[in-house]
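Each of the two complexes below includes subunit A, the first together with subunit B, the second together with subunit C.
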Partner chain A sequence: MATKQAYRIALAGNPNTGKSTLFNALTGLKQHTGNWAGKTVSMAEGIVRHKDKEYRLIDLPGTYSLFSNSTDEEVARNYIIFEKPDVTLVILDATSLERNLNLALQVLEMTPNVIVCINLIDEAKKRGIVVNEGLLMRELGVPVIKMSARNKIGFSILLDTIDRMVKGEISVRPVPFIYNEETERKLEQIEPEVRKLVGDEFPARWIALRLLDGDTSLLREIEKRMLQKEDKEWNSIEASQTNRLENF
Partner chain B sequence: MELNRGITNQSFRELLTRAEGLSTSELRDEVVHSLYQKSQQLCERAVTFSKSKEDKRTEKLDAIFTSPIWGFPIMLTMLGIIFYLTIAGANVPSSMLASFFGWLENYLTMGFQAINAPDWLHGVIVLGLYRGTTWVISVMLPPMAIFFPTFALLENYGYLPRVAFNMDRLFKKVGAHGKQSLTMAMGFGCNAAAVLSTRIIESPRERMLAILTNNFVPCNGRWGTLIVLASLFMAAGLTGGMKTLVSSAVIVGIVVFGIFVTFAVSWVLSKTALKGVPTHYTLELPPYRRPKIFDTVIRASLNKSWAVLVRAVKIAAPAGILTWVFANIMVGDTSILMHAVNFLDPFAQTLGLDGYILLAFILGLPANEVVLPILLMGYLSTGSLIEVDNLTDLKQIFLDQGWTWLTALNVMLFSLLHYPCGTTLVNIYKETKSKKWTLMAFLIPTLIALLVTFSINQIVTAFGWV
Partner chain C sequence: MTLYEGKKGDFIKINQVLLEGVMRRRLLDLGFVPGAVVEVLKKSPLGDPIAFRVSQTTIALRKEESSRILGERIENGY
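The block that comes next holds the complex of A and B.
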C-alpha cells in the first residue's frame, strides 16, 4: 500500500461523549463542531499521521441512534453506509455505557470495521465504575479500547489498533444480532432480495431490517447512489470531495 | 467495482412493495427494544459498580419516585405538602400585612382631610389605587414568597424530570409526544415561555398538541388567584390544620383536573384534527442533587415572587385608578363600569360567576396576574366603604357580593381553563405562523371553561348544594 493513501476514519457517538474532544486532540484542529438540527449538517474533517500512514478523520454528527429520525441521524447513517469509511470509531461514554452501547450495536449491524472506544474512563473510575473490556470485545467481536480523550489516555493503543485494522491484521467478526422469531422470519424473506439488488456493496441484512422498519427513504437513497455510480458520476463527486479537503 | 448491470427502478419498487407488506408498526418497537435489551445484558455483565454511593442513591430514589405504583401518589403528596405549607404559612403574615396597610390607610385619610382634598381625589388615590394595590400585596405576596422558593427547591433537587418521566407514559397513550410532559412542566411557570419551549418537539403534529394544551396548567400569574380563593373559601366549615389540608387538597385537585383536561384535549385532537402516532425519544434523568438552599430561596424569591408581584402592582395600579374612574363616571343613572357589569351579568350568572368576575377576566387578557386585583377594585368601587384590617374583612367583600364556595370554585376553574393570556397568544401566533391555530388556541380553552363552569353551576344549583 502506498504511504500517500489516506484512510478514512469516521467518528460516531452520542452527543456529549467527548467525540469532538477526541477529534480535536487527534487532529490538532482547533475548530468547533456544532450539532445543528437544520437542513445542512456540517462534518468536520482533519488529518492524523501515524507511523507511515495518513488518516482522514471525519467527525459525524452526535446521535443517540441511527434510525434516521432526524437529519443528524440520517447524515451519520448515510456516511457509514455510502461513503464506507475504512474504520468507524464508536465513542461511548463509560459513565452511561448502557445507554451508549446500543449505538455501537447499530453501527456493528452496518459495518464490521468498527473500533469501540470507551471514553471518559477516568471519570468512570472516579465514580467507581469498572468496565470489563475483554468481555465486551468477545461479545461484540471487535476491538474495544478504554480511553480518555480529555487527558489523552489510550491514544497510542487506539492509533496502533487503527493501523492494524487497516492493514488487515485484526480479524473482525461482529457477532450477528438476532431479533425475535417473527422479525427473523421476515428478514429471511427480504434479505436475499436485497442482496440480489445491492450485491456485497451494502450490508444486505441491515438494509432489509430498515425496509421492514418502513424506512423507504433509505432504498431511494441507495437507488440514487447506485444509478449515479453507473453513470460514472462518482468520479466527479470524489474529485469534488478531494478539492474540499485541500482547503483544510 | 462492477455492479449488476440492468438494475432498474422496477426491481427497487418491487422490493419496496414487498417490504411494505411485511412491515408492521410493532417491528420498530421490537428492534429498538432488542437493542436496548442487548445493551442492558452486556452492561450487566461487563460493568461493575464498586463504590459510587451517589449513583446507587439516585437509582434507589428513581425506583421509588418513578415507580408505576408510587410515582403518582408521591407526586400528588409533594404538591399537596407545598400547598399546605403555602396556605398555612401565608395566613399570619397576610393578616399582619393587611392590618398594617389598614392602619396606614387611616392616617392617609386623615392626611387627605387635613389638606381639605376633594372627595373624588381621596376616592381615586386611597379607595382605588391604595386599597387595590395594598390588598394585592397582602393577599398575594406571602403565599408566593413561600410557594415559589419551595417549588424551586424541588426543581433543584432534580424531581421535576421524574415528574416528566411519570407523565410520559400517559402522554404516549393519548397520542402525544412524551416531551409534552416537559413543556407542560414549564407551563407551571409561564405558559408564554412554555409555548416557545415546545420547539424541543420535532414533529409538527405533536408540537401543535403541546402548544394547544399548554394553557391547562396554571402559570405563575394564576397560582396566586387559586391559592387565595382556595384558602378563603374552601373548607369554610373547618378550622385550623384541617381547613388548610382541605384547601390544599382542592388546589391539588384543580391542578390534576387541568392535567386531565390536557390529556383529554390531546387525545381528542390526536384522533381528529391532528391524527398520528407518537414518536420515540430518549429522556435523560439527571442525578439528584442537594439543592443550594440559600441560593435557590433567594433567587426564587427575587426572580419569581417579586417579579410576579411587581407585574401585578404595575398593571393593577393604573387599572385601579381606571376602574375607580369608570365606576364613578355616570352615563344616564349608572356608571360605565356598571353598564359593562350589568351587560355581562346575566350570562355570567349562568356560569356561576357574576358580571364583575367576567369583566375582570376580560380586562385581565394582557396578564393573568391582574384578574384578582381588578375584581377587588371593581367590588370596592361600588360596595359600601368598610374598614379592612384583616383577611376576614377581605372575605367579607366577596361575601357581600353574594359569593359562595361555588362562586370561588367556578372562578378557580375558569382561571384554570380559560383562554391564554395576551403574551401567550402572541407567542403561539409567532410559533405556528397560523391565524387559524392561534384562534383554536383561544377557542378550545374558552369553550371548555364555559362548558365546565356552566355544568358545575347547573348541577350544584339543581341539587341545592349551595
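The block that comes next holds the complex of A and C.
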C-alpha cells in the first residue's frame, strides 16, 4: 500500500465552460483545449499536489446532462456512479447559469460530495452579471466558489475547499429533490428493493428514479459491474484454494 | 399551438412536451421545459428544421420534435 493515498477529484461540466482550462491550469498538463462540443471524448487524468495531499484529477467529458443520451454522457455518469470519486467539481459558466445548473442538480442527485465552481466570473462581470454565491450555497447545500480558470482566480479557495472536504470538515447537505406525489409513491415502493440489491454501494434513490425513467442502459451497466465483481471474488477464492493445495 | 407552427419572431411559452424516452429527456436538458419561453429565430427554406432560442442558446429542431411541443404565443417574451 502506498503511504500517501491519492484522492480522486472528477471535473464535470457543460461543454465549453472552461473545464479543460481548469484541468490544465491545476495539473500543469497541456491537455488540448478548444471550444467545440464533444472535444473531450475520453477522460484525461493529472496529478495536483496541495498541502500534504496528492489528488488525481479526472476530466470527464463535457455534457449538458448525465442521462446517457450519448457515449459522452454515459462515460461521465458511469464514472460518478461506479468509480465514486472523493469529490466531484461541477464547473458552471457564470454567463449561462440557467442552462448550466441543470447538470449541477443532476450531479447533486448522484453524490453529496460536490463543489460547484462558477467559472468565467470575470466574463460575467463584464456583462454586468452578478452571482450571489452565498444564496446558491444555501439553496444547493454544497460549497459554491466563484473563479476564473483562465486567469487563475479562485484556485487557492478551491484547493482549500477540496482539502477540507476530503478531510470531512465540510458538512454537505445537498438539497433533497422531491418529485410529484405519484413519482414519490412509486419511489417508496421501488427504492427499498433497489437498496436490497445494491446495498450502500450505489445511490438507491437515484437508481430507482432511473428505473422509473425506463433507463435500460443503466440496468445493463449495473448488471455488468455486479457480474465482474462476482467473477473477481470467485477468482480470488479459487486462487487462495490453489495456494492451499500447493502448500499441501 | 405547436412550436412548429410558430412564425419567425414569435415568443412561445411552452406548456407541454408530448415526447417520450430519450428524446424527451434530451429536449428537457436543452431547455425545452414547460414554463420556458422560446423565440422562433429562423426557418429553413423548406420550413424544416426551425431554429429556436432557448435559455440563451440556439437550437434547431426537426418537425418531428417541434410539432410535439405545445405552448402559447406571448408578447415580447414576457
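Methods note: the second predicted complex is superposed on the first by the 220 of 248 C-alpha atoms of A that agree within 3 Å, B and C clash if a C-alpha of one lies under 4 Å from a C-alpha of the other, contacts with A are read in each partner's own complex, and residues count from 1 in each chain.
Keep this in mind: a contact is a pair of C-beta atoms (placed from the backbone, for glycine too) under 8 Å apart; a residue touches a chain by one contact, two chains touch by 3 or more.
This one's a predicted model, so the numbers in the text were calculated from it and none came from an experiment.
Asker: Would subunit B and subunit C fit next to each other on subunit A once aligned, or clash?
Answerer: Superposition result for subunit B and subunit C: clash.
Asker: Looking at the overlay, does A:219 come into contact with subunit B only (first), subunit C only (second), both, or neither?
Answerer: first
Asker: Scan A:136 for contacts with subunit B and subunit C and give back first, second, both or neither.
Answerer: first
Asker: Touch check for A:99: first (subunit B), second (subunit C), both, or neither?
Answerer: both
Asker: So, A:127: does it touch subunit B (first), subunit C (second), both, or neither?
Answerer: first
Asker: For A:190 in the superposed arrangement: first (subunit B), second (subunit C), both or neither?
Answerer: First partner only, subunit B.
Asker: Which partner, subunit B or subunit C, touches the larger number of subunit A residues?
Answerer: For subunit A, the partner with the higher number of touched residues is B.
Asker: Between subunit B and subunit C, whom does A:69 touch in the aligned arrangement: first, second, both, or neither?
Answerer: The answer is both, since A:69 touches subunit B and subunit C.
Asker: Between 4-12, 76-84, 112-120 or 274-282, which subunit B stretch has C-alpha clashes with subunit C?
Answerer: Stretch clashing with the third chain: 274-282.
Asker: What part of subunit A is shared between its subunit B contacts and its subunit C contacts?
Answerer: 64-65, 67, 69, 98-99, 102, 213-214
Asker: Going by the contact rule set out above, which residues of subunit A touch subunit B in the complex?
Answerer: 37, 64-65, 67, 69-70, 97-99, 101-102, 105-106, 127-133, 135-136, 139-140, 177, 179-180, 182-183, 186, 189-190, 193-194, 196-197, 199, 201, 208-209, 211-214, 216, 219, 222-223, 226-227, 229-230
Asker: Touching residues of subunit C toward subunit A in the complex: what are they?
Answerer: Contacts found on subunit C: 21-22, 25-26, 29-31, 55-57.
Asker: So in the complex, which bits of subunit A are touching subunit C?
Answerer: 64-65, 67, 69, 96, 98-99, 102, 213-214
Asker: Provide the residue numbers of subunit B that touch subunit A in the complex, in ascending order.
Answerer: 1, 3-5, 7, 9, 11-12, 15-16, 18-20, 22-23, 25, 27-28, 30-32, 34-36, 38-40, 42-43, 45-52, 54-55, 202, 279-280, 282
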